[in-house]
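Order of writing sets the chain letters: A, B, C, D and E. Residues in each chain are counted from 1.
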Amino acid sequence: MSDPILSLSGVCTDIAQYHILQGVDLEVGRGGVTMLLGRNGVGKTTTLRTVIGHWQARAGSIRFDGQEITRMPTPDRARAGIGFVPEDMGIFSGLTVEENMTLAAASGPLDTARRDWLFSVFPPLRTFWRSAAGTLSGGQKQMLSIARAMAEERRLYLIDEPTKGLAPAIISTMVGALRELKSQGASILMVEQNFAVAKALGDQVAVMEDGCIIWTGAMADLAADAALQERLMGLSMEVEA
Amino acid sequence: EIRIAHVYGKTGPFEAYAKQSHDGLMLGLEYATDGSMEIDGEPIVVIEKDTQLKPDLGKALLAEAYGDDDAHIAVGPVSSGVALAMLPVAEEYERLLIVEPAVADSITGENWNRYVFRTGRNSSQDAISNAVALGGEGVTIATLAQDYAFGRDGIAAFREALDGTGASIAHEEYVPTDTTDFTAAAERIFTAMKDIEGEKRLFIIWAGGGNPMSKIQAMDPSRFGIEIATGGNILAALTAYKELPGMEGATYYYYEIPQNPVNDWLVKEHMARFDSPPDFFTAGGMAAGIAVVEAIRKAGGAEDTEALIAAMEGMEFETPKGMMRFRPEDHQALQSMYHFRTEVQEDKDYGVPVLVREIGIDEMDIPVRNQ
Amino acid sequence: MTQPLLESRDLTVRFGGHVAVDAVSCAFAAGELTAIVGPNGAGKTTYFNLISGQIAASAGQVLLRGEDITRQSVARRCAGGLGRAFQLTNLFPDLTTLENVRLVIQARRAKGFNLLSMAASDNDLRDAALAVLERVRMTALRDTRVSELSHGNQRKLEVAMLIALDPAVYMFDEPTAGMSADEAPVVLDLIAGLKAERDRTILLVEHKMDVIRTLADRIIVLHNGALAADGPPGEVMAMEVVQEAYMGKDLALV
Amino acid sequence: MSVAPDHSPTFARTSLAERLSRAAPYLLVPVLVVLGFLAIGAPSSWLTLTVSGLAMGMMIFVMASGLTLVFGLMDVINFGHGAFISVGAFVGISVLLALGSWTGAPSLALNVAAVMLAVVAAMIVTGALGWAFERVIVRPVYGAHLKQILVTVGGLIVIEQLIHVVWGPDEIFLTRPETLKGAFTFAGAAIEKYRLLAVVVGLVLFVAMRLVFTRTKIGLIVRAGVQNGEMVEALGYRLRLVFIGVFIAGSALAGLGGVMWGLYQEVITAGMGEEMMILVFIVVIIGGLGSIEGAFIGALLVGLLQNYIAFLEPKLALISNIGLMTAILMWRPQGMMPVVEAK
Amino acid sequence: MLTRLLSGDRPRSLVLTVILLAILGALAFAPFLFPGVRSLETAARICIFIVLVASYDLLLGYTGIVSFAHTMFFGLGAYGVALASDAMGRGWGALAVGTVAGALAAAVLAAVIGMFSLRVRAIFFAMITLAVASAVAVLVSQLSAITGGEDGLNYSIPRELTPAFRLGEVMGVRINGKLLNYYLVFTCCLVLFLVLLRVVNSPFGRVLQAIRENEFRAEAIGYRVVYYRIIATCLSASVAALAGSLFAIWLRYVGPDTTLSFTIMLDILLMVVIGGMGTIYGAVIGAAIFVLAQNYLQTLMGSAAEATAGLPLVPDLLNPDRWLLWLGVLFILSVYFFPTGIVGRLRTGR
């Protein structure tokens, strides 16, 4: 891939005494969506957390937009243009939805046009704008978490399982919103278990197993090849009905 | 060798008092032995023990002093609670404990045993001397004290002593020990006193910080013709007295008051060594030191406790406060107190207690309470 | 008709002015698997909370075997046979996987107030707990601390704990969210197995349509807190309100 | 792009009772004042007690304000706060004693200038101390209450001992600057002048803190950071800096409180701050964690109630604070107007 | 057999086992190994504090309840014995009545406080207990007619437990009532400790841990959290009261400073944390280290100060009067170096 926006080479990450990532090589293309797939517990979340800096890589290097960020503190990585939707959503439940969003706009007040756009993608945010975020429903929290990452323009979004708990209607609008982001030139690295969503959105795919990337390629190739799916992920997703 | 244990709260909130007390003790031993620190050829060894102001520790340390270190006489401690815990240990080991400067009446009162002597004053002495100083025909007095045993007993003794002086008590106010805002107490006192005719005084007994005097003074009690009165205090606390010139009361010690050779020596030496005048507890400590030496001399040695007791009962000895006498009944040292009036003096940044009159031993009828 | 095992009558809860569950009356017969669907924020989890007692109802009643349990504590209801798995993972993070399950079984057997026996020597409890872990294929992880499990495995443990509780009414709140494609079927098979035993009442909140289609005997739809539809799967799925509010247009993603 | 259908929940109007209960904390102080009047009867006594109670409340607020930041917002149970109060008092009073000619002069301007200098010096020293405290003692224990209690008590002991080393073991007595001595009498009520200064300082501080927190994101960052620091950093905030800054501010405010309290008490000891800690914690708790308004109202309530009760029934004065705390927690288990949910 | 005695909760570390055995041995033969008044005094204190700290660990380490009222219960037990001895006169009956009454009173008071305030948030509960404890301390000082106020109470215990009761000599050590008293304390403490060890390893103990971890979920799987909390509080309070009674029997004196002060509360907290929270064995190590430090740190510092007399500043800081400074440092360092306590560290080997 020419000039990837994010590239990991030989990244190893330890959590306590466990070696979780064991040499991850991964590239995220500029302006594209890369899907990170794999079974439970293979290290997908750990990869994303290493990129944002919540875990420190023990070895290897991470480059973002040509810049070495392996040892950079998390806030600097965020300011460099990386947005993050964590697996557990990371909602500030003691704050209202509005306060969550205010914080999300780190470099100034929240842009009203952008806010309205987010309202249209995730309508409940408007309804519950002044409610404590902790009282939202599971899916609403997920929406807030995604909206937070989008509160400002970022060049790269790291999104960990955004569709879990979302109703189908919301999933489809969200997919639409992500496409829109992509069309504006942003790049996305996304972990997803819902293969239909992955297929609809992904350009590239990386599949993980035991802390390593075991396959990379175009989404279309994987979607079309049931045998490959079987080999990589334990069973085949129903190929297009 | 004569072993004397000084068991006192070296560390903790009363650190300042403890240091005075120890310096005083050492000066007293030195003075009484003319600087030789020997009695009849036997050298004196002073063992220090820190109770940290904890009664249980005080108890253990005193037992250690008698039991493990084989001390002949123990001196201390600063706090009454610790002292009370220590008393039975003296009885158990049948050794002398000279209490200095803990003040609770019950040390030489209900909790007393025959191994206990006290050179320090007790609360009654304080209260009674104040009653003698303040009482008088037609005087009406309100009192303010902390709401616990020390405060209530002090006022009770004061009230008792006031009987017969012609003065009467119009109101007693007790506030929690840690009170910092005296507005309410003052308002209650003013309310009780404002319609009374004649000379009116507010007598305050207060231990520890949080000085109520200047706070009440700030509320201008003279509006109602009320004057504030209180006992003496350590030098540092006299700063507050500067706001109250003319205030009267009775004090235990102020270095310029007693006129006798022992005090002259003390003031001179203390100035020379510590560059400051001696204070309450220095004087007390010194009295204890002198008492120890005198008693051992009189008994002809420190080994025989019974002989020591016999020697000390009724013994008179010279101290910075003049002559003191151990009363045989309860082993309390009787001593003079001083009626003072506060003056503001040029070179001092505190209110100076100036002697009005010495209240002699015979003028105070200190009750015997150990029966 | 025979008495339903579980029933809600005009069950309502208000948060401030917001009516999150709005007079829902619904009965669940023993042995039936009911799927509860509805858009995000429709009140599904809150409805569960009302039934299992985490939230006090503003109005209405919950009846279990005909008995009014609306005022009972969570623990009482649990002992009465209402079991619940949570949408957002909710475990004992510093204990091991095995200990988590063991605690559930201990609760079920009411051994908690036993102060003077030795817990470690109670082999019954241990074996029972291991059996449950085996059913969800987590035996290998039995001595791992829960906080060290990956998200997907925590979700599985959440289900395992409900199975260990073995209640009369199972309430699953999106059991497979976050589970990978090869793990989800394990859990779904378990649920199918429970259903096959035919003496358990199962309530299942799910957003995955294929799951609902294969498992549900009946679907109820919540919308804005109110009961919007109730009936057999085929019928309900075809209804317009469901299509509109729930599925959205882009059916390919479901 | 497809737009998801909004689900539109029904919102009923909030009832009058609910709106009233939201305003209730603000009504407590006036209600208490009126009740006090009814119970006391004598207007001059009532006026004295009320004004001095409010002023005392202000002083307590000044001491508690730092703790609302550190404990209320940052969730650090900091017993070291007591030591900062003491250090503030010692530094401030030392400055005042050094400026004896200013404080001794009967000029309000000179006196206030001296006090200001003392306050600035005290705040600088306690702020610096707070910085060191945060770095060395508190940093490893964010989020762990128990350990916080232990290390901060350790810090408290160490600082108190260092006060002994630097200033000696004696308590230091002092007198207030000339123009702040004595009282005004007004309608038969005597009101200490110094208390009026306390009222001014308390009000200014309150307004300033409110402004900072309504105009900036600092409060939000801290609250969010306590809950999920990683996420705040992932949004691009340097959480460490914010935490250090707030901690320093809290410590400096303790220093301010120390000077004010030392001047009120006219005697300072190494343990003076420690003695205030229970009261200060009570104020923060009944106010509701992280709430400046709450702490303010709480402090006023404490000051007033103490005075009223001490006047009406001195025996009960002892439990007035605990009683107040219990009553308020029964009524609102999270305190009056919590900003941060307690753990 | 041994396993049953230890309730299956073995120390799980060789070093730890050795240390524990050493402490047990030292305490069991203290009068013979370390003759002298002071050392016996220290040994008795260690025994009593082990129980007190262990009972607090039940609350803090296992149930996750932070309470500052533990010394209050300790004091209740102590005052129970003191008041009974004062009122009924010297005698075994007085000791028994005082002990039982103290433990019961502690349990009841704990239940009342628990019912009223265990529902509020943990941190508020801590503050409430702090306030209640300080109120009780003030009350004790106010009721001076009964309690002796600040000055405390002296009273007599049966002659068989005092030095005056002499029995002879063994291995050069005088066998007297004091020694009997020590072994009474030692035995009671050992039994109480084993009981606590059993409780935390019982199914009940497991539930407490679950509640500490996630109270919400514990409720949801059918445990009535409030009951468990209240029982744990009562249990811990009455064991603390029993420790207090032993302390009173040993000391023959009670006063607010020895049993009720906040300083002791903090000492207990520190002992739990140094030793290792939630391990019970931690209480043994924490109490032993701390009490030794409290008793001998000053002496040690004295010699250290002398040894370093030539150096600048150092002797000042090592001045025995500054021992509190080092105690403060100990507080801080213990959390730094033993975040999981000594027991935790020995067990993980890190």
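Here are a few things to note about the model shown:
Just so it is clear, a contact is a pair of C-beta atoms (placed from the backbone, for glycine too) under 8 Å apart; a residue touches a chain by one contact, two chains touch by 3 or more.
Predicted, not measured: the structure shown is a model, and the values here were computed from it.
Compared with chain A, the chain whose C-alpha mean position is the greatest distance off is B.
Relative to the C-alpha centre of chain C, the farthest chain centre belongs to B. If you average the CA atoms of chain D and of chain E, the two centres end up 34 Å from each other.
In this assembly, the C-alpha centroid of chain A lies 52 Å from the C-alpha centroid of chain E. Per-chain CA centroids place chain A at a distance of 44 Å from chain D. Residue numbers of chain B whose C-beta contacts span two or more other chains: 15, 147, 176. Annotation for chain A: residues touching 2 or more other chains are 124, 169-170, 172-173, 176. Each of residues 138, 142, 324 in chain E touches at least two other chains.
Residue ranges on chain D touching chain A, taken from their complex, read 1-9, 217, 220-221, 223-224, 227-228, 230-239, 340-341. Residues 77, 136-137, 140-141, 145-147, 149-151, 153-158, 160-162, 164-165, 278, 281-282, 285, 318-319, 321-322, 325-326, 329, 333-334, 342-343 of chain D are the ones touching chain E in the complex. Within the complex formed with chain D, the residues of chain B that make contact are 13, 15-16, 19, 147, 173-176, 178-181, 183-185, 187-188, 191, 209-211, 214-215, 218-220, 223, 236-240, 242-243, 350. The touching residues of chain E, counted against chain C in their complex, run 4, 7-9, 198-199, 201-207, 209-210, 213-214, 216-225, 228, 231, 235. Across the complex, chain D meets chain B through its residues 42, 45, 48-49, 52-53, 56, 164, 168-175, 181-183, 185, 190, 192, 194, 264-267, 269, 271-272, 275, 303, 306-311, 314-315, 317-318.
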